[in-house]
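You will see two complexes here that share subunit A, one where it goes with subunit B and one where it goes with subunit C.
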Partner chain A sequence: MMLPQDQVPRVLSGDRRALARLLTAIENERADDALIALHAHTGRAWIIGITGAPGTGKSTLVAALAKAYRVLGKTVGILAVDPTSPFTGGALLGDRIRMRDLSGDTGVFIRSMATRGSLGGLARATRDAARALDAAGFDIILVETVGAGQSEVDIARMAHTTVVVEAPGLGDDIQATKAGILEIADLLVVNKADRAGVNITVRALKNMLELGHPSARTRLASHHGQMLTVETHTINQNGTDPLWIPPIIQTVANDNKGIDELVAAIDAHRAFLTDSDTRDQIERHQIEIELSERVRELLLRQILNTVSAEALDEIVRQVQTRAIAPQHAVSAILNAAKRSGL
Partner chain B sequence: MAIRVLIAKPGLDGHDRGAKVIARALRDAGMEVIYTGLRQTPEMIAEAALQEDVDLVGLSILSGAHMTLVPRIRAVMNEHGLNDMPLMIGGIIPDDDKAALTQLGVQGIFGPGTNTEDIIKFIRDLIAPESGASSAS
Partner chain C sequence: MMLPQDQVPRVLSGDRRALARLLTAIENERADDALIALHAHTGRAWIIGITGAPGTGKSTLVAALAKAYRVLGKTVGILAVDPTSPFTGGALLGDRIRMRDLSGDTGVFIRSMATRGSLGGLARATRDAARALDAAGFDIILVETVGAGQSEVDIARMAHTTVVVEAPGLGDDIQATKAGILEIADLLVVNKADRAGVNITVRALKNMLELGHPSARTRLASHHGQMLTVETHTINQNGTDPLWIPPIIQTVANDNKGIDELVAAIDAHRAFLTDSDTRDQIERHQIEIELSERVRELLLRQILNTVSAEALDEIVRQVQTRAIAPQHAVSAILNAAKRSGL
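After this line comes the complex of A and B, so read on.
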């Protein structure tokens, strides 16, 4: 078997098998060297996140969008994420069923990913998988999240444009006012717009947008492990910069209705981000979040490595028997790590 | 490291219950199953197998067209450089055809009434040594 880093030149030259193999290595966390080599070749693709509740038609919308971009001559990479069973570790990845029209087109590459225990709506490897597609030369990368509820907002930390998909009949205006995935939307899509109740859904979303002061629209960021908000669409001192107010677009993805409007809206968002320096700013925040996540993960692994399985068992037992509090247990683990010279 | 399996239904018959039962059983056995749905052409199957980099392709064929479909699927897979990717089939396969199918690289043939446990064990035995090799790389 070829080492992942040996595949780098083949991936860069567009070899699809090498790309597929690299994606597997990324999912199995055995591709650090390849990712390091690829990093300088990334940053060209426009990454579009598609998220929303199960059954809103995300996969169908992704397929329709991909077709529209192909008509425009753009190549499209698709990452479709479905959940891993928390009980068996298995997953049924069925997003390709809705994407069958894209087969036979070498300008499209579809990869299904299981979340493998990750809870934010993506797999842990999704960000790096998007980088691989980016380096392989795809112009547009569509990332479809798992059917998302109200808190799966990881997609906003890797996408340039986040599209939140709703469908008629899913909830009242209070649902629309709650925090969560609606807030990360750069674009709101009401799919299945040929169904009854579409006007109610559109009105609820409009109200939500008007209630939320656009000038204060913020994005959740993690800074040194703390959650805090950062402004995504900053206004300059004079307040003269235009604000981005998420448009609401009605589509019937099945019939290809509203797709051109959606593509136009994505283009407008891209132009908005690129013309201001907002794009760079957002990317900076995204990198900051990514680095803190990576450091946290690595440190956690290193710290836990300094504690033997028996010692950890003993600490867990003491917390369980109420001999010590979890806070004491953490101190004990950190002290053990310090003694080991970490 | 999860075993990845493509479950595909080539040809024109619409009986996908078997494919769905197998997909579900493999999922419950901890595998990642890419399910492509009905009426897949050999080109679609080969392309999905390549993009998804699966360890094994499982085909469900109930129409009796296996001696037409399987050689064609194998040929297109080989054109895509997937010569080393094993196949298994489920469906109604007469004993007389089994030798020819085995020659085409079909490593598992499962008829009606097969216990899903047997299929899971077959896949684990087939894939395990290979995953061990790639994990060393």
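After this line comes the complex of A and C, so read on.
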């Protein structure tokens, strides 16, 4: 069996089998040497995160978007991530739909991301997989994730453009869920826009945007669906430049409606990030987060390798019996590590 | 303004205002001393996590469950967590419903959990808030969370019994989402069971359980909704004893249907955990995870306090320009910390 780093030249030359093997090594957390070698060849692809609740039709949208980029002559890598199914490892329903339409096209590479480990591990593996696709020369990388909350935040941390997909009539407390969108969405898509209730969904999203951007009220009313420039005020907390307001785009991905508008909006966001130097800031912020995570994990591993299992067990027991508080247990663990010579 | 730790005796004596202040201090991450003092008084409450996708009617179910426990003479603390809305801080729709029915009852305490910081911070604050309610003497603590993925995993890490709520007909790719349920669900509830499609939802859940527990097939067919004892095989990965199979319970929370059965199933799970010593294992596992997180965070903070901002910026820049890979950047940061005397 070839070591992952031996496959680096093959991956760089576009060998799909070598790429598939590398992605498997990434999932198994055995690709560090290969990733180090690939790093200098990354940074060319545009990474688009696509997220949303179950039932919004994300998978169909991703397939439609991939086809649109193919028509424009771009190569497309697709990573389908399901953080709610860490143990299944099987293909999602959406993959099968995509596979049928896109299979046989060597300009498209599709991969489902699964992990037997933690959700943090899945986020890390997906980020590294996107880098592998980037180094392999794909122009556009679509990272699709099911679910809300942490998975949306993780995807925003690896993407240049994050698309949040909604759909009409998904339930009575969906409005509460949507409130978190502003933090990560660069673009808002209302898919299944031929369904009843689409105006309610669009209005709810507009209201949410207005809450976040009071000065955008009148502009949103007349210009939604376009990139907007407003007075400086902070939009969100994830490093995005204050001058971008997420446009709301209506699509019917099943019928290929609104897809060209979505591609245009992604292009506009890309131009905005690049022209305003925001891309540079975002990338720095993403690297800072990644390095923080890596330092944290490495230090924890060093501690756990240094302190004996018996000593750790005893500290856990003391917290459980309420003899010591967790805050003091942490000091006890660090002291034990120091005594063991870390 | 009183310091949080001065309020500990008041919290222990059941002073609701002191409890509310402590919870605010917990959200602002300024309650460590109080939490250390409270730790010895925790461990009496039964913590029930309730999670599920938007539209399943979780909030109504939580209200119905709280009322049922009140009828049984138990006091109830409710934490409503919305990890998808870290910046809103407002009450969820469901809170208002609950507030209307439960307000004025001093045996109930309701709190929405919000944070201006990270999702990890929200999970930590919720765990500490549950401890505060525990120390304040509430018998039952209901922790409700919106969403899927990480938030479900986080809730399972602090709860004794985790209830996953589903509902009929929520969308075409919900089956894929459900595949992750086995990992965290102790009980499965199909709410809105008066709706069309309830049998499809129940059958899908049963199939999923059977995939996870092949030997449970025939028993599930005849005994679903009860606690089942089967031959030893591993159910899941989160430390739950292999002898528990999640029952599927149908409810119509709006009409208070199925709630007594749900309370009975929670009781059965509690008895199972306690009798089988699994409770002890779960608590140890939860403490191990918590201590790992705390050690990791503390060590990272120490590193970031030791290495100069200029040195960190330069390392980030080198990763961004692809001069060094992230893996090597981590070594560079740790070396810089060592040179600075950590």
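Just so we're on the same page, the second predicted complex is superposed on the first by the 273 of 342 C-alpha atoms of A that agree within 3 Å, B and C clash if a C-alpha of one lies under 4 Å from a C-alpha of the other, contacts with A are read in each partner's own complex, and residues count from 1 in each chain.
Simple rule for what comes next: a residue touches a chain if its C-beta (ideal position, glycine included) is under 8 Å from a C-beta of that chain, and two chains touch if they have at least 3 such contacts.
Small disclaimer: the values here were computed from a predicted structure and weren't measured.
J.: Touching A:291 in the superposition: subunit B (first), subunit C (second), both, neither?
T.: The answer is second: A:291 touches subunit C but not subunit B.
J.: Please work out whether A:186 is in contact with subunit B alone, subunit C alone, both, or neither, and reply first, second, both or neither.
T.: neither
J.: In the overlay, answer first, second, both or neither for which of subunit B and subunit C A:111 touches.
T.: first
J.: Between subunit B (first) and subunit C (second), which, if any, makes contact with A:59: first, second, both or neither?
T.: The answer is second: A:59 touches subunit C but not subunit B.
J.: Counting only touches as set out at the top, which of subunit B and subunit C does A:134 meet: first, second, both, neither?
T.: It touches nothing on subunit B or subunit C.
J.: Count the residues of subunit A touched by subunit B and by subunit C, then name the partner with the higher count.
T.: The partner that reaches more residues of subunit A in the superposed model: C.
J.: So in the superposed three-chain picture, is A:28 touching just subunit B, just subunit C, both, or none of them (first/second/both/neither)?
T.: A:28 sits against subunit B, while subunit C stays out of touch.
J.: Could you tell me which stretches of subunit A are touched by subunit B in one complex and by subunit C in the other?
T.: 84-85, 88, 92-94
J.: Name, in rising order, each residue of subunit B that touches subunit A in their complex.
T.: The contact residues of subunit B facing subunit A are 1-2, 4, 23-24, 26-37, 40-41, 43-44, 47-48, 50-53, 80-82, 133-135, 137.
J.: Taking the touch rule as given, give the residues of subunit C at its contact with subunit A in the complex, in rising order.
T.: Residues 32, 35-36, 39-43, 53-59, 82-88, 90, 92-94, 119, 146-153, 167, 170-177, 179-180, 182-183, 237, 280, 283-284, 287-288, 290-292, 294-300, 303-304, 312, 315-317, 319-320, 322, 324-330, 333-334.
J.: List the residues on subunit A that touch subunit B in their complex, please.
T.: Subunit A reaches subunit B through residues 1-4, 16-17, 20-21, 23-24, 28, 30, 84-85, 88-94, 96-97, 100, 103-104, 109-112, 114, 116.
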